[in-house]
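Both of the next two complexes hold chain A, though its partner changes from chain B to chain C.
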Partner chain A sequence: MDPCEVEFLSEKELVSIVPNFSFDTIHLISGSVGPFRAGLPVKVPIWLAVNLKQQQKCRIINQDWMDADSLNEAKEEEKLSKLFTKMPSNHYMEEAQLLLNVASDDISDADRIKTAIKDIWDIRMSKLRTSIDAFLKSEGLHAKLDHLTAMEINSVRPLLPHALDQMLRIQTGGRATQSHYSGTSQ
Partner chain B sequence: MACCQSYIPDYFAITDILSTEERISCKIEVELPGLGFLDSSSQSEDLTVGTKVELPLWLAEPLKSLQNSVVSVDVPKIYKEGYREILEADAEVIVLSKWNPFYYELGMHVRKLSDRDYEIISESLLQTFKSRFQLVMDWSQNATSDPTLSIQLPRLERDLFLSGQQAKIRLVEWLKMGTNELVVSEITTNLKKRKREQYEFD
Partner chain C sequence: MEDNGDVTMTAEDDGQEEEEVTAQSVLLAIEEAWLNEKFAPEILPHRSDLVDCMLQQITHMEENMKRLDKEDLRLMIHRMELDRIKYVITNYLRARLEKIEKYTIHILSQEATRSSEECYLTVAELQFAKEFLANIEMLFKTIALQHMPGNFQTFEVDTLTVKPNLQAYVFLRANDRINGIIVPGSMDEEIDLEPGSQHIIQYSAVADLVKSGAVKLI
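And now, the complex of A and B:
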């Protein structure tokens, strides 16, 4: 999957906004949004929030977890823990990227939040790398990937699944994988 | 993706064709009249028992697996004990593509030729792949690394390396630019389903 596609998925997450216009409920396939009352916070999907923000029709309220101090705490915890810790959102990186890009004027401390999230991302990515290597060398048959987020999982694709497939091929003589891979990619 | 094609060693798989081109030293077990020209050093018209000739793998394999084998095959030296020990010692420092650009593919064919060494060669290939994977992964994570790197890898690792590198480049691009335009997925463009507009115009 392309990172853009993962980002697309993350746009379904909800975020609070304060609209500066009034409008009835919008009925969409994925659910109804609104009604919008000027000055009253309402929860909308990120894609709508970004769109409204670009038209200067709302103010985005920060996600609860997007707060420099608690993120720094999470960072320390991530550093100390050997395993992956639970992230506040399955799409933390994409949400941060999207919201901080369009609404850096609405979010106080945007720079510190950005730095903290980048640090967390880096720590987790290096952890992921070492654990993949340990996993391959340990001859383990399965790995538990608790608390990994969508973008992080996507970052090891297609390298890791392909490598595992090739290992199976080397082990079994290339016969067992045939039925699986007739004509599919990724 | 390039990797997927080599999953199935079928008749048209180019990797498979290229890897079975490799010449293997064989010993003739049955007298072959009229085939003396295969051995350029001999003067006689026939191939006598015990002559050593180099045959491509695609020819040697069926000749060997006949009910009474015409030839006996010598496993190439890069899969023999001496070379296996080199790999065991430190697989990462070796430029494996210099040994053979299709090291793994060839190994998977060669191991079938010798019943005795099947397990050992398989194990050696697997261990080599495992210990070199970190190298491949690290290289592919450094998207800007120099282009000569991929030449040092045998085909199978190179495909992995290139696909990993591409994914990394896309991720880095996304991190830099944030939102950019979504492109239509390959799957939907290949979709053979009737589209509504075609249906309505009929």
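And now, the complex of A and C:
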């Protein structure tokens, strides 16, 4: 899947904004948003928040988890844990990217948040590579991938399933030749 | 412009019970169907019920939007949302067409064994598949086959059949709790899926669960 499609999916997540206009509830197909009251926070999907922000109709409030200190704690935890820790959002990377891109003036500490998220991503990706390596070497047939987020799964998509498919082909191919061989030698 | 969130449709459940569904839940179901179709190696049973319902919603919404003032804030927001929904629907339909073009012969022969209630293709898709196959046959014949020696002139359907690799590995998330899935290729290894847990496994082990909606591909 294209990374922008993963981003597309993440844009459905909700974020709080403070609008600078007032408007009644809007009935969208995907659910209602609003009512908007100037100065009062309201939750909207990210795609809408980004659009309103671009038109300077709102201020975006940081996601609760997008806080440099708690992200740094999460980073330490990620370092210590052998397994993947649970991320605050299934789309943490995309959400951070989208919101920091468009609203870095609304988010204090944007640089520290960016660094922390990038660090977490790097730690997790290197962990992922190590575990994929171990998994393939152990010739596993099934793996549990709890707490891996959408973008992380997508980043190994071209490689991992394909490698497993090829291994299976080699194995079944090998078995077929073997049985063929033992069949003719009798 | 009111009440769009509450427009309902009826869907027939397994038990023939009529269930009320909101536009919102139809949209979620389409998104799930889209991702399943994208990641499943084989073609899945069609969800034209969902697509038709959503297209109806879109038309309805577009009608309403005509009544809005050009400056209205809602116009822009609704238009953006519709664009997002249309993207999902077209991408979903396109994913199916790609599979139909790739596995035409296989899909048609499978489809022939299914009754009209349980067929995987919609009427239009079936027609497309048949025409596509007829056109390919025509192409082969006019370009090459007719110039071959007599015994090579037949269009051999069997040798041209491409089958999807059902043993392909897929990522999935469980919707329900599922016990005792036998891992293909192992002796008798069984796994249980907890709701919300994520796995990578051969598609063949979970094909039925994908179709029943007990798991979704991610």
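Assume the second predicted complex is superposed on the first by the 173 of 186 C-alpha atoms of A that agree within 3 Å, B and C clash if a C-alpha of one lies under 4 Å from a C-alpha of the other, contacts with A are read in each partner's own complex, and residues count from 1 in each chain.
The rule is short, and it goes like this: contacts are C-beta pairs under 8 Å (C-beta built on N, C-alpha and C of every residue); 3 or more make two chains touch, one makes a residue touch a chain.
Quick caveat: nothing in here was measured; it's all calculated off a predicted structure.
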Query: Just chain B (first), just chain C (second), both, or neither: which does A:L80 touch?
result: neither
Message: Looking at A:S155, would you say it contacts chain B, chain C, both, or neither? Reply first, second, both or neither.
response: first
- prompt: Does the superposition put A:D133 against chain B (first), chain C (second), both, or neither?
  reply: first
Task: With the two complexes superposed on chain A, say which partner A:F8 touches: chain B (first), chain C (second), both, or neither.
output: both
Message: Tell me the contact category for A:N101 with respect to chain B and chain C: first, second, both or neither.
response: first
Query: If you stack the two complexes on chain A, which partner ends up touching A:D165: first (chain B), second (chain C), both, or neither?
result: both
Where chain A meets both chain C and chain B, residue numbers: 8, 157, 165, 171
- prompt: Okay, in this complex, where on chain A does chain C touch?
  reply: 1, 8-9, 11, 21, 23, 26-33, 47-48, 51, 141-148, 150, 153, 157, 160-161, 164-165, 168, 171
- line: Listed in rising order, the residues of chain C that touch chain A in the complex are 1-6, 23-24, 27, 31, 38-39, 54, 57-58, 61, 73-74, 76-78, 80-82, 84-85, 87, 165, 167-171, 183-186, 189, 191, 197-202, 218
Field: Touching residues (chain side chain A, partner chain B) in the complex
entry: 2-5, 7-8, 50, 97-98, 101, 129, 132-133, 136-137, 154-155, 157-159, 162-163, 165-167, 169-171, 173-174, 177-178, 181-182, 184-186
- request: Using the touch rule from the top, collect the residues of chain B that touch chain A in their complex.
  value: 1, 3-4, 7-9, 104, 108, 111-112, 122, 125-126, 129-131, 133-134, 136-137, 140-141, 156, 159-160, 163-164, 167-168, 170-171, 173-175, 178-183, 185-186
